[in-house]
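You will see two complexes here that share chain A, one where it goes with chain B and one where it goes with chain C.
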Partner chain A sequence: MSEAREEFVSEAEDLLRETEDGLLDLQETLSKGCNPDVLNGVFRSIHTLKGLSGLFGQRGILDLSHAMETMLDELRLGQRELTEATIAFLLKNLDILKKLLGEIFKEGKELTSVDAALEEIGKFRDEGKGREKEVKNEPGCLTGIPEEITKVLSEYEEHRLRTALKKELCLVTVEAEFELVSFEEDLKGLIEKINQLGELIATIPKTLGVLPGRIGFDLLVALNTSLSKAKEALKLWSVNELVPSPPEPETTSSILPAVNIPTKPGEEIIQEPLLKSGSSTVRVDIGKIDAILDTVGELMLAKGAVSRIGAEISETFGFGPFSVDLQKVSRILEKRLEELQNQILEIRMVPVRQVFSRLNRVVRRYTRDKGKEIDLQLFGGETEVDKLMAEEIIDPLMHMMRNAIDHGIEPAEERLAAGKPVTGVITLKAFPKGNHVVFQLTDDGYGIQPEKVLAKAREKKLIAENQTLDHDGIVKLIFLPGFSTASSVNDVSGRGVGMDVVKEKVSSLGGFIDVETEPGCKTTFTVTIPITLAIIKAVLVSTAGETMAVPMASTSETLSIEPDMIQHIEGKEVIELRGKMLPIVRLAEMFWLYHDRPRERYFVVVVGFGGRRIGLLVDSLLGQQEIVVKPLGERLEKIKGISGAAEIGKYKVILVLDVESLMEEAMLSSQTIKADSDGLGA
Partner chain B sequence: MKSILIVEDSAMTRAMIRTALENIDDCEVEIIEVESGFEALRILPSREFRLILTDINMPDINGLELINFVKSNPTYRNIPLIIVTTECREEDRNRGMALGAFAYITKPFEPEALQKLVQKALEE
Partner chain C sequence: MSEDQPVLGSQPSAFFSEADEDYEYEEYEEEGGSSCEKIKILVFRIGDEDYAVRMTDLQEILKMHEITTIPRAPRHLMGITSLRGKVIPVIDPRIRLKVETVDSSEPRIIVLSGEGCPVGIKVDRITGMFMIKPEEIMPSLNTLTDEESRFIDSVVRVEHRFVSILNLDAILEI
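This part shows the complex of A and B:
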């Protein structure tokens, strides 16, 4: 893809995301009145998209965004009323824009025609004509407002001013002056205060009467509170009344609920700032950050060599001033490199709110389609995760979400019969846990019925007829490939993928998935993924002459054992670890590596969490190292047990183990041991 | 070297304008891009700008407010301003012209048209 097209797609994607977030926000808060700032934000995004697609010659996006912009312009200028139906209509057209953008990304050009959509917008606008709210440019409205203010207002700002006047709000200007070098921060602080008091209509920079090196502003504000309160809150600045409000300021505050909209309890509060900051951010291709990470990885190797040489020097020549100096320098190098690495990783971090807002959309649409009432509660949007991880985890979460709506939450009549409230509750919590991020998805629906799962698994011959499993073991059968409780394929969740695909995806990200259920009550899926995959700490092991890396995050301890400590239970190898049986997997056998002579001593790397643990048997431990994990590419990525490759030292490439899938293999084959000894407890 | 300031919140549009300006024959220009009105205010005193190209619809202060600021300041008032905006914002554009903008051009624009306009403005 050409660089320009890539840039176009990337910027357009951002704009569509902003538009979507804005529209969803409007939808959510519509019952409390339309928030003009959010609406204006949506307008601005579509407006920018239009300009962008025009410059880039993307006719379809241009025409459609133009039509949407016209609609949004009417809405924000109050010429048309914002309704639930209008928002849904705009969201529908947003989908078409997304589709077009996808086509440009994949095929290099637009394929879908927008003619039908344009016609529909025309019709929609015609239908709404009767309900036009306000006649443009009502005369005589702006009395009392000085001309030096009115002449610089944009059409939109003027509309906000007229609306405020009509509502008989008290209008003031706040005069402020700041140092030119740092005014943005200070002004932002002031604007935050103003947002608590009313609506900021315009920010007008001024020259006259301002000292050199400083900058002055007149902020035009429609107050929601009384003048005296505003003066008290803004006592550092001068507040001048332009148009007084009539007495009884209390009643006016209830007329304009646009600012400080109270949110439902439990709902995530996403504060929409009144003004987007003139931020100093840059957009960077993640590939470029990866390239820096690679360089840092190589620097790490060089640093390793430096400290090794240092150690050799002191070994050969004893501790002289040089070797001490060298060690000191190498320690500083190590520390700085670590800092650098952390800083780079930080750049890649995004709040999971981005993931949430996309899920939110799906839930709204599906609930509408399915006629189920669902209250989606999102927590922990501020939790940060690597950008790539955020992208990768969306699909699994989306699938689980669809499952919850489709199979989890019961239809209204069944809920009522079961004594539950009609509205089903789906909660998604995100929180950091060490080097991991945990997503917990809970629905208060059917729960998973163990009998049904067991019957299905037997029917599909996924387990032996006579095999016995405990409750947890049964519930976990839903993760087996080929298992799907849905008897019909439908639009929502039955796209031929089941929880096994979700599990596989999570596992390929180096994560784990678990499920807990109370039949008839609720189901909770817990997905734990590493914060980043880019750089991980790993234990380097050697077996049959091959070096491999085991991610440290999934390693709990290492053991040194003698061959006679390995016991056999039903043909499986285990060792006893603190009174419990630990299944052993010989890495060399797992990967069909050449076996050399039996050794006097082996090492075991214990991997896994909680009760699900296995030991990887290797010839020797080579130490710990930070590695930059690279994907294996399409041809090799399906190989079970390997999640990627990493470079250690010059030109030496090693494989990075996928612990979750290794464990899966081992656990499946040791299912019977578990049932018999019950020593490991699932 | 003549310094030109581009005030525009879309990176793509900024790049398009920059390409057009860099390809003006026999004219060496230094192009400074900012993505918001606030940034424009801060960068204005940093050098002698010969021309400002500004969008109207921006997140912090709008282009009209910027034009007014430039035109009412004795230090900057001789800098010509060109409004770069979409065709449907006619009302805003007219207000900008009334505040003393030199010209306007609507998006999407032909590079040659912008180049001509810029050359004319620089000759002023």
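This part shows the complex of A and C:
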């Protein structure tokens, strides 16, 4: 993809995200009336998108964003009423824009025609026409407003003014004067204060009576608060009442922030001029960060060589001053490289809020389609996770979310019958835990019914007829491939996939998933994923001549054992670990590798957590190392048991084990599940 | 990193300075009219047979790298190797083409820009680059079974030898 196009896609993506956030915000606050600032923001984003797409010759996006802009313009000018239906309609068109953008990203050009969408917008606007006139022909009641103000107002400003008058808000003008050099920042500060007191309708530059080197403004403001409060907060400037509001009791609890404004006289005027731009962020292609990581990875290898040479020198020539120096330097090098690596990893971090806002949108739309009332509560949006991780985890979370709406939360009447509030509650919590991020998704719905799950599993022959399982074991059956409790395949949570796909995805990210349920009460899914996949600590092991890496995150300890410590229980190999049985899996056998004659000593890498642990039997341990994990690429993504590859030493590529899926396989092999014979899955 | 440099990368001319003088591809160029009607192909040996790919599909040619085998992968997938930090799969075409190696003294990995990500295939020897005309391309042998012909797109005569042009989609499928 060309650089220009890449830039276009990334900028357009941001704009669409802003638009979406804005529309969602409007949707949420619609009952409290339409927030003009947010609506304006949405209008501006779409307007910018229009300009951008015109610049890059993306016809479809240009046409569609133009049509949407027209609609938004009518909305913000009050020529059309903002309704739930309008927002939904705009969101729908936003989806088309997203789709087009996706096509540009993947295929290099727009594939979908926007003709249908344009026609629909036309129709939608026509339908609203009747109402439009009615709103427009409202008698103008700009009484009390001096003509020198009304004549310079734009159509939009006039509309806001009328709205304010209709609401009988107190209208004032604030006269302000600033030094010419710093007026932009100063004006911004004033506007921020005003925004806490009410709505800024217009900023009109003053032409008369301003000293040279200074600039003056009249700011037309509709106050949400009382005049005296506003005068107090803005006492640096003269506040003139234009239209008084009807007297009201002094209840100002809702505008608390206005009170905390610094009120030292003269302070604002002697403020240092701030000429630099407010934002200090840069947008970087993640590929560039990856390239730096690769270089650091290579530096790490070079550092390894330096310390090895240092060790060799001391071994051969004894500890001379040079070899001591060399070791010292190599330690410093190591430390700095680690710092560098950590700093790069930090750059890649994004707050999971980004994930949340995307989930939020789909959920709200989806619940409306489903006619269920759901309160989605999101916590821990500030938790940070690697950008790529964030992208990868969205789908699994989305899927679980839809499952919760579809199969978790009961229909309203059932909830009432069960004595629950009509509105279902879904909470999604994110929090860091060591080198992991935990996502906890809870719904207060049906819960998982063990009997149903068991019956289904038997019916689908996922378990043997006579097999008995405890509660947890039964509930975990939902993660088995081929299990899906949905009786109907709908377009959202159905799509022919079930929790097994979620589990597989999570495990391919080096994470794990767990479920807890209280039937009739709630279900909690816990997804734990590493904060980053880019660099991990791993134990390097060797078996049957192959070197492989086991991520430290899933390793609890390593043991050295002699062959006679291995016992057999029901044909399975186990060893004793602190009085408990630990099932052993020979990695070489599992991977169909030839192993030469039996050894006198083996090593066991204990993987997994809590009650779910197994030991991977290997020939030797090669030590611990930080590795840069590379994905195997889409052509190899179906290979099971391997989550990626890493380069160690010169051109030596080793495989990184997907511990979760290996454990799964080891455990399933004792059940009646057919083993994947070709290792490539379906 | 010197070992890692592609033998043939972005500048094909570097490769031809090394190549045998015998392959007078220029001769072909003079025969026909404008060069845009011609197709450039890379001819190489797998076993005792000649195969070719279109130059437009070629990304680069590597000297033999160490290849990491992948457990439980299909037999034709030799494994993976690192191409300047990116993991690429390497395919051993001999299994699919049912040929046996006779002389592999100059093995190379030719990296083809397949759909999505590059894939390497191991060849025994690079013969060289040739220009062919579209009308010289013939359908492959009709006595081949479906399974055999799946990997062959067409046949062309180069230097009095028949060369099979590989069907990349099929051969690169994993």
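Here is the rule we go by: the second predicted complex is superposed on the first by the 498 of 682 C-alpha atoms of A that agree within 3 Å, B and C clash if a C-alpha of one lies under 4 Å from a C-alpha of the other, contacts with A are read in each partner's own complex, and residues count from 1 in each chain.
In the analysis below, a contact is a pair of C-beta atoms (placed from the backbone, for glycine too) under 8 Å apart; a residue touches a chain by one contact, two chains touch by 3 or more.
Keep in mind that what you see is a predicted model, and the values were worked out from it rather than measured.
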Partner chain in contact with A:Asp325 - chain B first, chain C second, else both or neither: neither
Which superposed partner A:Arg283 touches (first chain B, second chain C, both, neither): first
Residues of chain A touched, compared between chain B and chain C (which is higher): B
Chain B versus chain C as contact partner of A:Glu414, first or second or both or neither: neither
Which of chain B and chain C A:Leu180 touches, first, second, both or neither: first
Which superposed partner A:Leu655 touches (first chain B, second chain C, both, neither): second
Which superposed partner A:Phe8 touches (first chain B, second chain C, both, neither): first
For the chain A and chain C complex, residues of the former touching the latter: 291, 294, 297-298, 546, 590-593, 630-636, 639-642, 644-645, 647, 651-655, 678-680
Chain B-touching residues of chain A, taken from the complex the two chains share: 7-8, 11, 44, 47-48, 50-52, 54-57, 62, 66, 69-70, 73, 151-155, 157, 180-181, 183-184, 187, 202-208, 215, 275-280, 283
Chain A-touching residues of chain C, taken from the complex the two chains share: 3-4, 65-66, 68-74, 77, 80-82, 85-89, 114, 116-117, 119, 174
Complex contacts: residues of chain B adjacent to chain A: 9-13, 15-16, 35-39, 41-42, 45, 56-57, 59-69, 72-74, 86, 88-89, 91-92, 95, 98-99, 107-108
